[in-house]
Amino acid sequence: MKKTYPPIYYSDYLHLEKLLTSQSTKSDEYGEHAHDELLFIIVHQAYELWFKLIIHELDSVLNMFREDIVDERNIGIAVARLRRVTAIQKLLIEQLNVLETMTPLDFLEFRDFLIPASGFQSVQFRIIENKLGLNIDNRVKLGNKNYYTMVSDEHQKVLIESEKNVSLFDAVDKWLSRIPFLKIDDFDFWEHYKSAVVQIIENEKQIILNNPSFTDEKREKQLKEFENTKDKFEALLDEDKHNDLMKQGLRRLSYTSTLAALFINLYRDEPILHLPFRFLSYLVNVDELFTTWRYKHALMVHRMIGAKVGTGGSSGHHYLMKTAEEHKVFKDLFDLSTYLIPRSSLPELSDEIKIKLGFNYTYKT
Amino acid sequence: MKKTYPPIYYSDYLHLEKLLTSQSTKSDEYGEHAHDELLFIIVHQAYELWFKLIIHELDSVLNMFREDIVDERNIGIAVARLRRVTAIQKLLIEQLNVLETMTPLDFLEFRDFLIPASGFQSVQFRIIENKLGLNIDNRVKLGNKNYYTMVSDEHQKVLIESEKNVSLFDAVDKWLSRIPFLKIDDFDFWEHYKSAVVQIIENEKQIILNNPSFTDEKREKQLKEFENTKDKFEALLDEDKHNDLMKQGLRRLSYTSTLAALFINLYRDEPILHLPFRFLSYLVNVDELFTTWRYKHALMVHRMIGAKVGTGGSSGHHYLMKTAEEHKVFKDLFDLSTYLIPRSSLPELSDEIKIKLGFNYTYKT
Amino acid sequence: MKKTYPPIYYSDYLHLEKLLTSQSTKSDEYGEHAHDELLFIIVHQAYELWFKLIIHELDSVLNMFREDIVDERNIGIAVARLRRVTAIQKLLIEQLNVLETMTPLDFLEFRDFLIPASGFQSVQFRIIENKLGLNIDNRVKLGNKNYYTMVSDEHQKVLIESEKNVSLFDAVDKWLSRIPFLKIDDFDFWEHYKSAVVQIIENEKQIILNNPSFTDEKREKQLKEFENTKDKFEALLDEDKHNDLMKQGLRRLSYTSTLAALFINLYRDEPILHLPFRFLSYLVNVDELFTTWRYKHALMVHRMIGAKVGTGGSSGHHYLMKTAEEHKVFKDLFDLSTYLIPRSSLPELSDEIKIKLGFNYTYKT
Amino acid sequence: MKKTYPPIYYSDYLHLEKLLTSQSTKSDEYGEHAHDELLFIIVHQAYELWFKLIIHELDSVLNMFREDIVDERNIGIAVARLRRVTAIQKLLIEQLNVLETMTPLDFLEFRDFLIPASGFQSVQFRIIENKLGLNIDNRVKLGNKNYYTMVSDEHQKVLIESEKNVSLFDAVDKWLSRIPFLKIDDFDFWEHYKSAVVQIIENEKQIILNNPSFTDEKREKQLKEFENTKDKFEALLDEDKHNDLMKQGLRRLSYTSTLAALFINLYRDEPILHLPFRFLSYLVNVDELFTTWRYKHALMVHRMIGAKVGTGGSSGHHYLMKTAEEHKVFKDLFDLSTYLIPRSSLPELSDEIKIKLGFNYTYKT
C-alpha cells in the first residue's frame, strides 16, 4: 500500500515567510526612500537562487564523471542536467532586461549606500567558475589582487577549498582520455585523417592565394595567420607539439583527450558516440552562455555608470568585458571545429568497428 | 560635503545566509532523495520574489492614480513601472522553460510528498489579481469554493482585505472619467465620429455580403455576428445602451471612461495624449502577458501530469486554461480596437484644440 | 586534388535582386501611402520563407521514417532536424512581437486594400499541417467550408494531393508498432506495470477522498472525472477498450504503438531508447509550439481588429483560438504522462534485457 | 460611400511565386546535395528582408529629423519606429539560434561552393551603417582595403553615394543643437550643475581612496583612471576642452548637442522632454543591439569554422568581434551616464521654466 505523507502548505513548503522578508532596503533604512532599490535587491537574489541550482546540477554531473567508470546511462542524465544549466543561463541573460528597466538616474539614488558591495563578491558564482574548472592563471584580476581577497575570511576559505576539488574540466579530461575507440584493432583512423587534413590545409592555402579582394600586403598577413592554423593542425598529429602548446598555455586538454574529442565530433552519428557528442556540445554551450551573459552585463554596466567607478571600486565594465573573453573553460573544445573535415573526406569505418559502436540488439540477431 | 555610509558586504546586503537556506527538500526529509525537487522549489521561490516586485510596482502606480489629480509627470513614471512589470512577466514566461527541463517521470519522484500544496495557494499572486482589479464574479472557481478557502485563515484575511482596496481598474476608470477634452468648447467630435462610424459599419456589411468564399448559411451566421458588432458600436454612441451592457456584465468601464479611452487611442499623436495612450497600452500588455503565462503554464501542467489530478486536488490544467480566458481585467480596453476608424476618416481637430493639446513652449512664442 | 568552383557573389547567390523586389505595396499603388504596409508584407514573407524551410526539414524526416527499417543513425539526425523545426517555431512566435509594433490604427490605413486575402490562404502552412498528419476530421472549418475552398484551383489540387501522402503521424505510428522490446523473451513487463498502475489509481483516489478543501459536491465531481482517468488507464491494458476509444475519436495511435511509446518513455535511460525518447519528445514540442503560436496569434488578431471581421471574411481570432486546441497532431503522445509511474514503482529490467538495450562495446568484453 | 478595391489573393499579394523560387542550392547544382544549404540560404534571405525593413524605418525617421523644424507629433512616431527597429534587431539575434542548429560538420559539406561570397558583401547592411552615421574613420578594415571594394562596381556606387547623405547621427546632432531650454531666461542651470558635479567628483575620489580591497599599486592606477573621468567631466563644462576631445576623435557630438542631450536625460520627467528622452534612449538601444548581434555572431562564426579562414577570405570572427566594439555610432550618448547626477543633487527648475516645459492645457487655466 502506498505511503501517505503529512499535508503540506504551499507557503510553508517554500519558506515564503523567510524568503519574502529577506529584502531590506538601505535607502529606507537611511530615510531616503529609493523606489528602485527593491528591484535591485530582488534581481540579485534571483541570481543567487539560480546560482544555487546551477551548483546543484554541476555537482551531480561531477559526481558521475569523477568516477573511474562512467555508467553509460549517466551520460544521458548528465546531458539533461547540462541542458538545464543552459536553460537557467538563458534566464540569467533575460534577467538583465529587467535590471535595465532601472535607468542610471534611478540607480544613482541609492548607489552610494552600497559601497563597497559588488557582484564580484558573489561566492556562489566563484564556486561555479571553480567547479567548471576555470584555470586559476586565467582569472582576470580585480585591483591587482586575488579574487578571493574581496570576500570575508570565512568565504575565502570556502573559495580556496573549492579550487582544490576535481573540476568538471579535470573529470572530462580524464574521461576522454579513457575512451577506447582510438586504438581498436588495426584501426588506422589517424593515418587516413592525416592525409585528409593535408588536403584541407592545401585547400585553405589556395583560398587565400586566389582571393581577388586581397591586397598583396593583406595576402601576406593572411598567409602568416594560416601558418598558425597549420601549426595547430600539425600539433594535432604530433603529441610533442601538442605538449609544447600546453606548456605555453595555448592548450589545456591532454593530447589523447583532444583526439578522443575530435573522434567523437567526427563520428557523432554512430550510436555509442551520440550522447558523448551532445555532452561535449553542452560544455561548450555552458561556456558560451556565460560569455554572452558577461558581455551583455558589461554593456549594461557601462550604460548604467558610464566611466564612473563601480560600487566595488573598479571599472566593472572593463572587468566583465575581459572575463567574457578570458574566463572560458572549454576553449579547447570550442577550437575543435578548426580540425573538422567534411564527411565526404572522412575515413569510412569498417563494418567491424561500426558494429562495436552500435547497439547490441541490432547486430546480435 | 557628501555623506558617507557604513561599508556593506554583498552577502549581508542580500541576506544570502537567510535566502540560501530557505530550500528544504521533502524528498530528503523522507529519505527518498529526488534530484529535481530543488529545481521545483527554486523555480517557485523565484516566482514569489518576482511577485513581490510586481506588487511593489503596482502599489506605486496605484498610489499615483488613486489621487484626485494625477500629476502629469507621474504618468511617465507609471508607464515606466508598468513596462517593468511586463519585463518581469516575460521572465515569468521564460521561467517555464526551466521548469520544463523536469520531465513528468522526474516529477513523479516527489510529487506525492507535496499534497495538497499547490500554486493556487500563492497569496501574492491573488493579491496581484486583486490589485489589478480582477472582477470577483469572473474568478474561476476551484473545487466549487471561493478561492480563499484554499489558504490558511491568516492568509484568508489578507486576501479578503485586498479585495476591498481600490484596484488599478477602479483608479483608471475614475481617472479616465475626469479627462476633459471630450467636451472642450463647441467640440463636436462625437458627431463627426458617429457619421464616420456609420460608414464603417456599412463597409463591414459589404465585406460580408460580397465575400465569395461564404456559403449562404455561413453568410447568414456572419451577418448575425455583425449585428452584435453593430450593437456594440451603437452602445458607444448611446449611454443607455452602454449601461445595459454593463448590467449584463458585458462592459465594466463606465460610459464616459470608455469614450475618453477611445479618444486617447484615436488622437494619441497629440502631445498631451501620448503618455496616457502608452499607459492604457501597457495595461492591456500586462493583461495579455498574464494570459500568455497562464496558457503556457496550462500546456506545461497538462504535459507534466496528463489527465491525473494536480497536487492541489484539481485538474490544474483546465483551471489555468479557463483563467487565461476569464481573468483578464482590462477587456474593455482590449476591445477598443473594434471602434477605431482609419486616420483618414478621423475628424480633424481645430487649431484651437490642437493648441490646447500641445506644449506650452511651442505655441506661446 | 580538391575541386575548385566558380567564384560566387553574395547578392547573386541569394537572388537578392529578385527577393528584394518582391514587395509591392497596395497603398502606394492606390496612391494612399501607408507606412506600415511594408512591415506587413515582409513579416508575412518571412513567415513563408520559414515555412519553406520547415517543409524541407519535415520532408527529410518523413523520408527516413517512411522506410520499413529506420536506420538507427537516422534517428539522431531526425532529432536534430525536429529540433531545428522547433528553433524556427520559436522565431515564428518572436516575429509576432515585430508585427505587434503595428498598432490597430496603423493597420486600418491599408486593411481595406487587402480583402479578401488572408493568412488562411497560406498553402505552405496547410501543407505543414498535412505533412505532420493533422486529422482531416479535426480541421476547424472556416465559413462552414472545407479549408481548401479558400485557395485557387491550382492550390486546391496541391492541398488535396498533400492529404493523400503518408504523414509523419502515420510513419511514426508504423515505426512504433514495429519496436521489438515489448515481447522480448519471457519479459513480463506489462504484468508488473499493471499491478503498479492499480496502486497508482488507488492512490489518486485517496488524494481526492482526503482533500480537505473540497465540498462534497466537488468531491463527487472530481471522483467522476477520476473514473475517466481510470478508464483511460484500463484502456492501456486492454486492447479492445483502446480500439473503442479509437472509434470514438478519442485515440488515434494504435494500441501497440501506444504501448511502445509508453515503454520508451519509461525506460528512456537505456541507451537504445534514448534517441527514440528524444524523437517522441520533439514531436510533442513541435505540436506545442504551433499551439502557442496560434494562441499568441489569436490574441494579437483580437487586439488588432477587435470584434471586426478579418480581411479573410471571418472572425480570425476565434478561428485561431480553436485551431490552437484542435489542430494538435500528437495528442496521444501528449497524454502519455497520464500513464507514467514513478521510477521507484517501475519493474526492474532483467540483466539480459538490459544488455539487449545497451551498446555492443560495453557488454561484449 | 466607401471605395472598394479589386479582390486580392494572398499568394499574389506577397509574390510568393517569386519569393519561394529564389532559393537555388549550389550543392544540388554541383550534384553534391547538402541538406543544410537551404537553411543557410533562407537564414540569410530573412536577414536581407529585415534589413530592407530597417532601412524603410530609418528613412522615415531621417526624413522627419532632416527638417529644420521637427514637428513634435513626429517625435512620438520616430520613437515608435525606432522601437520597431529594435524589435527587428531582437529577431536578428534570435535568428542566430536557428543558424546554430547547423553544426560545423554540416557546414563543411557546402562551404567550398560559396567562396568568396560572404556576409561582408551585404550592401543593405552597409547602407544601414551609413544611414545611422557610422564614422568612416572607425570602420574596421577587411583585408586592409576599404569595405566597398568587396562588392560589385554597381554596388560600390550605391555605397559611396550613401556615405554622402545626411545620416541619423548628423540629423540628431543638428536637432539637439537647436533645443532651446538651455538658455531660457536667466536660467543658471549649468552653474548649479557645475557645483553639484564638483561634489560628485570629490565623492568618486573618496570611494577610491577608502576602498580597503585595493593594493597601493592598484589604488594609484585607479586614481589615474579617475583623472580621465575628471577630464571628461571638465570637458563637459568647458567648450574648448570638448572641442579638443573632438579633434582627437574621442567625441563626435558637438558641445551644445552634448549639453542638450544631458539636459534631456536629467529632466526627462518634464512633459516636453519625455519623448526626446525616449528618442535618445532608442538610439542607444539600436546601437547596443547591433553590438550584441555582432558579438553573438562572432561567437557563432568562431564555433562554426574555428581558426579556419572564412568564405570571404578573412577571419570573420575577429572582424565581427572588432566591429562589435568599433562600429557603435552613438557612443557619446552611451557615455552620458558618466555625467548624470542624482535627482537629489539636481538643481530645481523654477516654476516659470516648469510651465514652459509643460502642456498648454494644464497651466493655462
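Order of writing sets the chain letters: A, B, C and D. Residues in each chain are counted from 1.
Please note the rule applied: contacts are C-beta pairs under 8 Å (C-beta built on N, C-alpha and C of every residue); 3 or more make two chains touch, one makes a residue touch a chain.
Bear in mind the structure is a predicted one, so any value in this text is a computation, not a measurement.
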item: Touching chain B and also chain C, the following chains; value: A, D
item: Centroid-based (C-alpha) most distant chain relative to chain D; value: C
item: Distance from the mean Cα position of chain C to that of chain A, given in whole angstrom; value: 33
item: Separation of mean Cα positions, chain D and chain A [Å, integer]; value: 29
item: Chain C and chain D: spacing of chain centres that average the CA atoms, whole Å; value: 39
item: Set of chain C residues in contact with two or more other chains; value: 2, 4, 7, 112, 115-116, 203, 212, 268
item: Complex interface listing, chain D residues touching chain A; value: 32, 104-105, 108-109, 112, 115-116, 143-145, 149-150, 203-204, 207-208, 211-215, 217-218, 221-222, 225-226, 228-229, 232, 265-266, 268, 284, 288, 291-292, 295-296, 299, 302-309, 312-315, 334-344
item: Complex interface listing, chain A residues touching chain B; value: 2-5, 7-11, 13-16, 18-20, 22-24, 26, 30, 35, 38-39, 41-42, 44-46, 48-50, 52-53, 56, 60, 80, 83-84, 87-88, 90-91, 94-95, 97-98, 100-101, 112-124, 151-152, 155
item: Chain D residues touching chain B - in the complex, by the definition given at the top; value: 1-2, 4, 7, 72-73, 76-77, 180, 199, 202-203, 206, 210, 212, 268-272, 274-275, 355-364
